[in-house]
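Below, subunit A partners subunit B and then partners subunit C, in two separate complexes.
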Partner chain A sequence: MIEIKHLCKNFGRKKVLKNINCELSEGIYGLLGPNGSGKTTLLRCLTNLYPLTSGEIWINGISSKRGSKLRIGYLPQFFGLYKELTVKDSMRLFCNLKKVKGSDEKEIIEECLEAVNMSQYQDVSGRKLSGGMIRRVGIAQALIHEPKLVLFDEPTAGLDPEERMHFKKVISQLGKKETVLISTHIVEDIEASCDRVIVMNHGEICCVLSCKELVGIAEGKVYACKKGDEQQIPGKYFIEKQYEEDGEIYYRILTNEACEVLTPVSPVLEDGYMCVIKEI
Partner chain B sequence: MMKRFWLQLKGMGIMFFLPILGYLLFIPFCVMILNRNIEEAEQRFFTAQHMCYQFIPILSTIWMYMFQKEYVEGEGREILILGRKIPLFSFIYWILNLPFIWASLHILKDTEGYREDLFYEMLVASFMICGLVFFLNFAISSIALSILLVVLYIWLSNVDIENVLVFRNGLQDVQQASQYLYVVLKGGGLMSEQAAVYSAMGALFWLCGLFKARRL
Partner chain C sequence: MFFLKCKQFFKSPVLVLATVLYFTWIIKKLLPGMIPEEGSVADAMTFPLVFIPVSFVFFMFFSYALFSREGKSKVNEVILTCRNGKVRSCFCDLCLILFINAFILLLFILFLGLQCDKALGSVQMDVLWFGIRCYLIHIILVNIFASLTGMAVSLIKNEIKAFAVMILLCCCFSQFFLESFYRLTGDHLDLQHMMDLFGLTTRMYHATADYDYIFSVESVDLQRILFWIFLVLTILAYHLLQRKKRFFASCCGAVTVLLLVLYMLPNGASYINIDMNAENISDAYDEEDRYYTTHTEQTGSLEHHESEEDFKITKYVADIHVNRILKADVEVYVDKPELETYMFSLRHEYRVTSVEDERGEQLNYRQEGDWITLQPEDAGKHSKFVFHYQGASKKFYSTSQAVRLPAYLAYLPFSGKRYLFLDFVQKYGEQDVSQVLYDGPLLEGPGYKTEYDITVDSSLKLYSNLPEIESNHFHGISDGVTLMANTFLNAEEISGVRVVHSKADPRYFLHNAETDDDMRKMWRSFIVENDLQGKTIFALGVVHGLDDNYRYFGEDHLVLMAPCTDQYQTFLKTGKHPYYEELTEEEILKDLEPLNNITE
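Up next, the complex of A and B:
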């Protein structure tokens, strides 16, 4: 159980996180928000990398101020390896950093590499790995000390579709026992793997909802209309995307104002997210 | 800790050998070339001393740069920071230089003469420069800029500073100012005023670096 109470984080005069309050139990949570909304800062506060300006974070009843003693697995947005070390040696280094017992090390490394489908690359040096492979080692190192809270910042960036599927399997297993928080821009990843979604904007949590509830927010607000017809919409609207159908250009529009030129469309998770962000 | 140190060294790859080659081959070779036509013992020693002042302080920073690069600029440094102990490992990398500095000076001993003080002067100079590197790396978070500043400082301290810049900030005359700007001890010995100044400056830089590294 993760409890975040009145969390604020300032960088100089800039308020990046503003009075965050949230409770997370076991399961997989998606963290969605536009660039600069404070997602990475929140993750870094949870890992104790950033000192809090005010507020508290409790992880399984232990204050985050005792950070090093907590079992937190973290995959940062940008992850690299020592280029001269093999995958196995890099994992040994991570084991050492996270104080994994020497006697368990070999077994745990094998398990974690197996989980991310990297066992066959154990003896390959970091220099020879592709970006996606490095990302997979990053996921493996986050799991190496059997963490109680796992934080993934853009975990599937650079992974091919097959590896993304594999990653979803790994975290669905993990989410049965632990709390997993995934920050990503890829809404399909959230839809496919997360039990609940946290939407952040301007350093605040806008809502914590299930995927179904988030889709429900956009119910009756998603429309399609031909390019040019949007000018006839009487109230506030937001053009989500543009697409071509039968040689004509259409817009996918979010609005509260139904009118003749608009054709209702079934909402998806992205529509719900955009409704929250754009306050529609 | 030994395992982590060993893996870090392994992570440096063949670049680990660069300072060793510098100490044991490059400096003696350069001194030999420069002294090939010089007969006078004092002049031969002066050349050797000058080369040591030019290269030993900068060579002593290479391992520290390679170690700290991952913490300052490396992708995924958030994970490395979990393990902390950055100041301790930085200090170990400085200590690691000392046997090689000693060996380098002893290679020169046979051909160019030797003064025991020179090793202690190098010890103080490398301590101060490594402290400066430690502080700069974490203060400005740029390895390239830190290298540039340190190389510039070593270069300035090995030329006649009075001709390069005028430094009058609170000091009475240029002669006195230049004395405090020199990183080199110019044969002052371990008990000299300069040695004390540079040891104190080095300790201060190490403490400031420690403070900055803890705030990561």
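Up next, the complex of A and C:
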């Protein structure tokens, strides 16, 4: 159980996190928010990379100030490998840093690389790997010491669709026993795998809801309308995206004001998220 | 993890190439010395100092390249989330640097061993240990400082800024910077001493070393190097540690300040001034010259003054403590208790702190230059005086590293008012202009036999002409006491004479002799010709890079630089030290004859 109480983080005068309060138990959590909303800062605070300006993080009843010994797996937003070392050597280095028993090392490395479909690249050096491959090794290193809390910052960035599917399988297995927090702005990833979604904006948590609940927020607020007709909407509206159907251009619109030019559409998770962010 | 870091290093072509080039350069420089025709322990000790500036630059940039890799490869963030991950990762990289340093040290030891073997006939462990200590302090510690600096600079994320900082640091620790600063500061010794903090890479390897006393400023050097190391550690502790960083940074900071204070202590200043500046390598000699020249200007020539001695000393009981300075408590027993005034001569560098009588009561005294005047109120009742004094002579040193106190030096109070120096009148042509100049110390001891009981508190093994009744405790009757000690001092028996000499002195016994055997033959014949059996000879070579011509001919021992039968025979015949070779007018003309013939 992870409890975040009144967490604030400032960089100079800039308040990046403002009074964050949240509880995380076992399961998979999605952390959604626009760029600059404080997602990465929150993850770095959880990993102790950033000292807290105020507030506390309690992990299994122990304050992080007293040095929690909880094993945390972390994939940073910008992850890289030593160019000179092979994938296997890099993994051995991470094992060493994370104090994995020497006798278990070989087996665990193989397991983790297998999980991210990188077994065949064990002997390839870091400089020969593509961005997606490095990302997969990053996921593997986060899991290498059987962490109790796993923090992924944009884990699927650079992964092809097949690997994304693979990743979703891995974390759904992981989420059965551990706490997994995935920070992303790709809503589809969250939809497929997360139990609950934390929506952040301007350094604050807007809501913590299940996917269904988040979709429910957009119920009756999502419409389709032809390009040009949107000017007839009487109140506040937000154009979510533009698409083409039968040779005509349509907008997907979020609004509280129904009118004859708008056709109701079934909401999805992204609509719920946008409603929260745009306060519709 | 260390092996993975090594693997990583060996797969980094730039780092490997730089290391290979560095080692090629070192080996190329050392190689001629490794197959020597003639060996010299002292040269082997000092030669590796030439590597310091290049090593400093190499290790700073090498370390920067090594430590900045993590930032570049973006592994850093993961390492930081591991418990003490950054510290452990950095420690492994530091181990790699230490490993390279160990290899360098090994090369130097090999070099020293081969030189030692050639010079002394075998590899001697005490020489090797001393060498290792010197290399560790003066080279390896500087390399470690450079490496830590490179590590600290790697915290700067902007590469251009980081390189600019490193170049600036290289400039600050360069010879050019120090010399420019010395020129600017002129005579401000305190400022110069402060700037000597930057003199890590400018150890005076080009100046002739003091062969008895190599690296005479070791303690001050150590404080200076450690000051920089702890300063960088303070920065690193603050930036690298995740927990208790303020505590560790404060501890390192406190040690840094302490080391700076120790470095700035007056004793440190005087030591470093002797040793650090090429111009000051003979500073000790110049200072003495200046002191006595001023003295003679004030008092006139020695020719017009006679020593006054109304009493004799019958016994000395001395406790001498030798460390950064000499501290002495000396009981002096006089043969005439009835005198109203007692004058003693004690070298001016030793400042008397108090004088007591036999009852422990403080006496009034006056110390002026080399003279101490005692006028006890209850005259006629004193047979013993206790002197407490301390000080350091730059020329006749007595520190934790070496002791050079010959019998002719008044490090114990001599009876009477004596002129402890020689002077001569320099006449300029036919004009009636003359100048009195200092011409070295008086080479005469107390001049009569006295009982001595001397205990020296020092970790060094002391050598003396007096019998040693227990470790560094000497007792006996003599007309003067010589005390000598240094790491290389050694006593050897030649034809029934104990010859004390420095193993490290390349010119020991080398005058007019090509081999060791030749040298021993020369000494043997000198000993036999002059019937010296039963005496001790202190065969001392070069001090501060200058030939020390000062000889002492005592009844039970001689202090010499080389065999000198003529001078000794003159002394035996006249009873006076042959200070100058006074030539008659005929001899001068005879000397000039060949020159006159050529002119004609």
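Criterion: the second predicted complex is superposed on the first by the 277 of 280 C-alpha atoms of A that agree within 3 Å, B and C clash if a C-alpha of one lies under 4 Å from a C-alpha of the other, contacts with A are read in each partner's own complex, and residues count from 1 in each chain.
Just so it is clear, a contact is a pair of C-beta atoms (placed from the backbone, for glycine too) under 8 Å apart; a residue touches a chain by one contact, two chains touch by 3 or more.
Only a predicted model underlies this, so the values are computations on that prediction, with no experimental measurement involved.
In the model built by aligning both structures on subunit A, subunit B clashes with subunit C. More residues of subunit A are in touch with C than with the other of subunit B and subunit C. Of the two partner chains, both subunit B and subunit C are touched by A:76. Touch criterion met: A:93 reaches subunit B and subunit C at once. In the superposition on chain A, contact of A:85 is made with both subunit B and subunit C. Shared contact residues of subunit A with subunit B and subunit C: 47, 49, 74, 76, 78-85, 89, 92-94, 96-98, 138, 141. On the side of subunit A, the complex with subunit C involves touching residues 47-49, 67, 69, 72, 74-76, 78-85, 89-90, 92-94, 96-99, 125-126, 138, 141. Contact residues on subunit C toward subunit A in their complex (touch as defined above): 1, 4, 7-8, 11-12, 69, 72-75, 77-83, 85, 88-89, 242-243. For subunit A in complex with subunit B, the residues that touch the partner chain are 44, 47, 49, 68, 74, 76, 78-85, 89, 92-94, 96-98, 138, 141. Taken in their complex, subunit B has these residues touching subunit A: 3-4, 7-8, 10-13, 70, 74-76, 78-83, 216.
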